[in-house]
Amino acid sequence: MAPIGSFLALAAILFCIGLYGALTKRNIIIVLLSIELMLNAANLNLIAFSRLGVSANVAGQVFGLFSMTVAAAEVAVGLAILIALYRNRNSTDVRDMNLMKW
Amino acid sequence: MIAYAWLVPAIPLVAYLLLLALGRRVHEGVAAAIGVLATLISLVLSLMIFVDVAQGGGQLPYLWTWLTFGPGPGHTWQAGFEVNSLNALMLVVVSFVSTLVLLFSRGYMHGDPRFGVFYQYLLLFVFSMLGLVISPNFLQLYVFWELVGLCSYLLVGFWYEKPEAAAAAKKSFVVTRLGDVGLLAGIILLYLATGSFDYDDIARAIQTGGLQIHWIGPQGLATLGALLVFLGAAGKSAQFPLHVWLPDAMEGPTPVSALIHAATMVAAGVYLVARSFALFDASPVALDVVAYIGGITAILGAAIGLTQRDIKRVIAYSTISQLGYMMMGLGVAAYSAAVFHLFTHAFFKALLFLAAGSVIHAVDTQDLGRMGGLWRRMPVTASTFLFGALALSGVPPFAGFWSKDEILASTLAAGRPLLFALGMVAAFFTAFYIFRVFFLTFTGRYRGDRVPRESGWVMTLPLVLLALMALGAGWAGAPFTGYALERFLGEPSGASEAGAGPGVMAISTAVSLLGIGLAWLMYGERATSPEAWSRSLWPLYRLSFHKFYFDELYQAVIVRPAFALGKAFDWVDRRIIDGIVRLAAEATLAVASGVRRIQTGQVQTYGLITLLGIVALIAVSWSLLWGVRS
Amino acid sequence: MHVATLWVVLIPFAAGLISWLAPRDSRSLPRAAALLGSLVSAVLVGAMYLGYDRAAGGSQFAFSRPWFTVGDALADMPLTVTFGFGVDGLSLPLLALTAVVGFTAVWASKGIRNRTNEYYGWLMILLAGLYGVFASTDLFLLFFFLELILIPMYFLIGIWGGAERTKAAAKFLIYRGLSSIGIVVAFFGLAYLAGKIGGDMTLDVAALTRQLHGGAAAAQSAPVAGALFLLLLAAILVEEALVPFHTWLPFAHAQAPAPVNMILGGVVVKTGAYLFLRVAAGMMPAMVGRYAVLVAVIGVLNILWAGLIAFVQSDWRRLLAYTTISHMGIFLLAAASMTPAGLQGALFVAVSSGLLTALLFAGVGLIGERAGTVDMAGLGGLSKPMPYVSGLLLAGALGSLGLPGMGQFVGEVLSFSGSFSVFPRLSAFGIAGILLAAVYLLRAMQRTTFGPTPATKEHLRDGTVGEVLPMVLLLIAVIGVGVFPAVIGHTAGAALAALAAGIGG
Amino acid sequence: MNAVSSWFGGFIWTGQTVAFFLLAVLVVLAAVTLLQFRKVMHMALSIGLVFLGMAGMYVLLGADFLAFAQILIYAGAITILMLFAIMLTRHDEVEEEERAGFRQWIAGLGAAALGAVMLWAIRTTAWPPASAQPPWPAQKSVNALAETLFTGYVVPFELVSVLLTVALVGAVILARKEE
């Protein structure tokens, strides 16, 4: 069995890749994808701990399941927002979405 | 009867409340009837009390607790009343003059739209004045002291639509208030020193040496307290240099001038000094101040009165001058002489004012230049005025002669020839200016344009009664009645009295007659032209005519600087204090409007910054914890 | 367990909610609810005033429940906060002031015509907050109500005020908010200091006072206690609008509608006075003693500063603001003396200044409504068309300058009796302020009601009975206090004597 | 290989560990290429690969049910949803060529720093030794999960279903054409 450190390291790398993508990509769809990547990394941690953690427990899987569900909901709502935005602004570029300022 | 002395002020108060309830539109006759009836009852009660006092002497004050604000002695205020020979006399004087003035006003104020209000104010005044007189302690005196000041304010400003009246009302209140602040401070000091406001307690403390506070010795405290009390008295009694309000107060209706600004309220200062004589007696300095201020006031008032053209103002300056006499008397410890003069002055000065009021009512002007020759048209007014003038001049056997001579004799006896000389000169001036008014008003040719008619009985009856008093009131204290009044009053310890000997009497009579004669030459016979006199003595004339420039002086030295200071403070308030506040606000705004540009609305930028923040936080906490771990 | 005190707070609150629920711009229902609410709470206060057992003293009609406990959040000891209400000799006069001014202000609000449901709602919540401040027996609760006041005041000034209303409201909020910081730090710091020594951290007023006068007396003189006191003092200066933290008051007064001005000048400013007596003098008498001269100097400075500035004001509302500031200066001077007379005087000044300020603002509001201006330059000769309003205004002005027969006089005599015994020289300057008051108030009266009536003002209607009723009530109240000072003096006597005794032991 | 094994703290090369390494390399490569692709469509496909790799990881960790859920939800539903989104927007769009700007550098550095910190933390923490047996009965992970989910976590479970419904409705309303 691979030690827990390796899973966590993989998750960390994945998370950082996702983070980089979320912060730099212009297309909002890619940004959403990157966020999914980060969520997956977090999920991997949960499941790794549920199998190999200090007090390994099936509850970790439960949380993984919940977070997956929430992610699904998030994608659904996120994409709906994306469509609505696209309809209004005719663009999927995050730079065009700057209404959230003073 | 003395136990019911509280009824004397209470009845006018009830009458006041009654009129207040009846409202502004009450019928003139009803208002006047209520007023006169109330004061008449007070007069009768006062006389009964007076008789009781004359037979039985003094009584302990009737007291009850007004306010307890702390544990132990000295934390209780008491209210009540007391009757002694001095205030029994004052009760009679006040209620007598009040009754006549209220009767007189029925005719004088006839037709005024606020007739009822006038009677309300007058009754409130009578209540306050009577209350002042029977107050057993300084605090209660101060309460009524302020209330009479309030009534004076309301009555001087009664014709509020006249800007002069409005200004005069304010001035009278503010100037007397200046004295009152001193009085309040003095009362508080005495209270702190003795734990009581009571006159008698304070007098006892002075005698037993119990008068001291930690920061001032007994002698200093007596002087300070006496001077502060005198400040209040000087404000109320229009003593130099606080005399400036009284002539302006003549803007009020004439009955008000007679009642408040001649007979009663302005005498309250003298009454106060007399009542707290024990305090003044403990401080020679304070007595000297009182004497000299009184002397200066007497001569100053008389000198200004020489040249005024307004009939009421002349009499007003005369009042100032006469009050100066009384203060001077008190200052040389001639206690009963001063009170005696207060007593006689109340009658003849009220008479002069009411007679002048009768004239003003008839000719509708106060300018002496527009009167003349009224002797024939208004015989009752003219002859009663003459009685008053003779009494004021000090011609025997009129009232003023006896009382004034006693004061003058006392100054000599006290070894103050300067004061005696001042008093004599003032007496000469007095005789001159009052007969100047008399001749200008009642003799010669009528120079007005309205046909004058003698006033009705409601106005002449008070005049006649007062004229009788102006003639006879002095006999109560004359040598040939054995100084009955003085004996009735009794002498507080420390007072020194000197009956006027024939020498003083002769000199003062001569001086008075000289003044009358000069006035007759100038204005009656026209043997010598007053204009020529005023031209040859023009610097003195200008000084006198412009009232020694006191108003201008105060305007320049006190009023303007105070306003300038107010403006300056206001500027500091708006520009500097508020400016700092606004500067802080503006700076915050400026910083904010700079900083808000960071908010680009780009979510990715926010995320990036957050990321950097997290990294930085980790770095910082790491570097801090580094040592802890290893 | 008495719930009466709780009801005093809850009833205006409930009335406010009812008013909120009324349809927008409906006049009668919100007004009726507010009038009823303020009347019932005022009657309750009156009943408590009469029912207060003076001989027993202390906190009565108390309602106290443990509220919550903070384990060791603030310090190394648990802090228990109680939900406590009660009245004592010190709070009763101020509650009565709130009751009278509150009811009359609601009554005088007839001129408010827009968004009436919200207006009365805010007004009643303000009233509930003020009652709460004076009736709380726990500093946490007191602070809560102190903060609660800010919200309705902000909206009352900001929505129904004059041209610069939003600025005035913001200024008010910022100033008072800053003072809240000082207050909360002082409260908790004091409780912590006392707890450190006394062993138990509490915010209950009675318990904390007991601690600070008993075992934890050393806390009073701890080095940090001085800083806490100065912080509290600064906060109180802001609350009372004293120089140099006063500029919010004239501005707020000049913008707020008249009934709000009545409450603002009459009661809201007086919360600072209450804090001084309750917390500064009650809990840190040693500090008041140490900084007595500073406090007295600030007091005298205020009397003279505000008095001189009032000279040159031509807006009645600004003038009255400075009058209030001057009165609060007398309060501070008297309270700093920490003598029975001085503390009584301070309380009298606080109460009667509140009544008189409300009276004057009611009159000025009425004049403003009729004449369209409250600037003296545009007024004059109002005695003729509006004799009753002018008369009542004059009565208020005279009372305010310390005329005997009204409460302010009793307050001033007591105050100066107290202060002269401790600070004779300062008091000599202070007493000159009485003269200033006479000058500026009478000058204002002269310019407003005396003199010839301009043609434009000839036909102004005098106040109707309903309109002058608040003024008459306030006048009766202040004359009552002036003629029968025992109504306050004997109620508050024991509580204030205890304060004065605190400085010795 | 030795260096790698020592970095992970004593590593026994078994079938599982080999599988882990293969999957890890696959996942990381797919993630990196995801960011390198220019065409949006390609990106969507490569994220599908990442999701599949993650499912493999779950299997390795004994979370069988989650592995299936991962395939169903992520690799299936979400990837398809993304594809739909791409189609609905400008699907021929090409992520424009961009020079490595300041922002990229900063973000890259920041992400790298964060990653370094996390890796360092993972490395220095003393983890418990990996037990050979999962904490649930062997081969019964689904049963164990179901038991926990429907006993201890039944309320959150129901709430999550409500959340999903709400999200569904919300998405419909948001994406609806405005009248």
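A, B, C and D are the chain letters, set down in written order, and residue numbers restart from 1 in every chain.
Here is the rule we use: a contact is a pair of C-beta atoms (placed from the backbone, for glycine too) under 8 Å apart; a residue touches a chain by one contact, two chains touch by 3 or more.
All values reported here derive from a predicted model rather than from experimental measurement.
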Centrality ranking, top chain (CA atoms only)
C
Could you give the separation in Å between the centres of chain B and chain C, each centre being the mean of its C-alpha atoms?
36
Let me have the rounded angstrom distance from the C-alpha centre of chain B over to the C-alpha centre of chain D, please.
98
Report the inter-centroid distance (CA atoms only) between chain A and chain C in whole Å.
58
Take the average of all CA coordinates in chain A, do the same for chain D, and state the distance between these two points in whole angstrom.
8
Multi-partner residues of chain B (at least 2 other chains):
604, 608, 611
Going by residue number, chain A touches two or more other chains at 19, 23-24
Per-residue overlap in chain D, given as positions that touch at least 2 other chains:
103, 107, 110-111, 114
Let me know each pair of chains that touch one another.
A-B, A-D, B-C, B-D
Which of the residues in chain B come into contact with chain A in the complex?
596, 599-604, 607-608, 611
Chain B touches which residues of chain D in the complex?
103, 106-107, 110-111, 113-114, 117
Inside the complex, what are the residues of chain C that reach chain B?
171, 174, 243-244, 246-247, 305, 308-313, 339-341, 344, 381, 383-384, 387, 398, 401, 403-405, 409-410, 412-414, 416-417, 420-421, 424, 427-428, 431-432, 434-435, 438-439, 442-443, 445-446, 449-453, 485-486, 489-490, 493, 496-497, 500
Residues of chain B touching chain D in the complex
604-605, 608, 611-612, 614-615, 618
Interface with chain D, chain A side, in the complex: residues 1-10, 12-21, 23-27, 29-30, 32-34, 36-37, 40, 43-44, 47-48, 50-54, 56-59, 61-62, 64-66, 68-77, 79-84, 86-87, 92
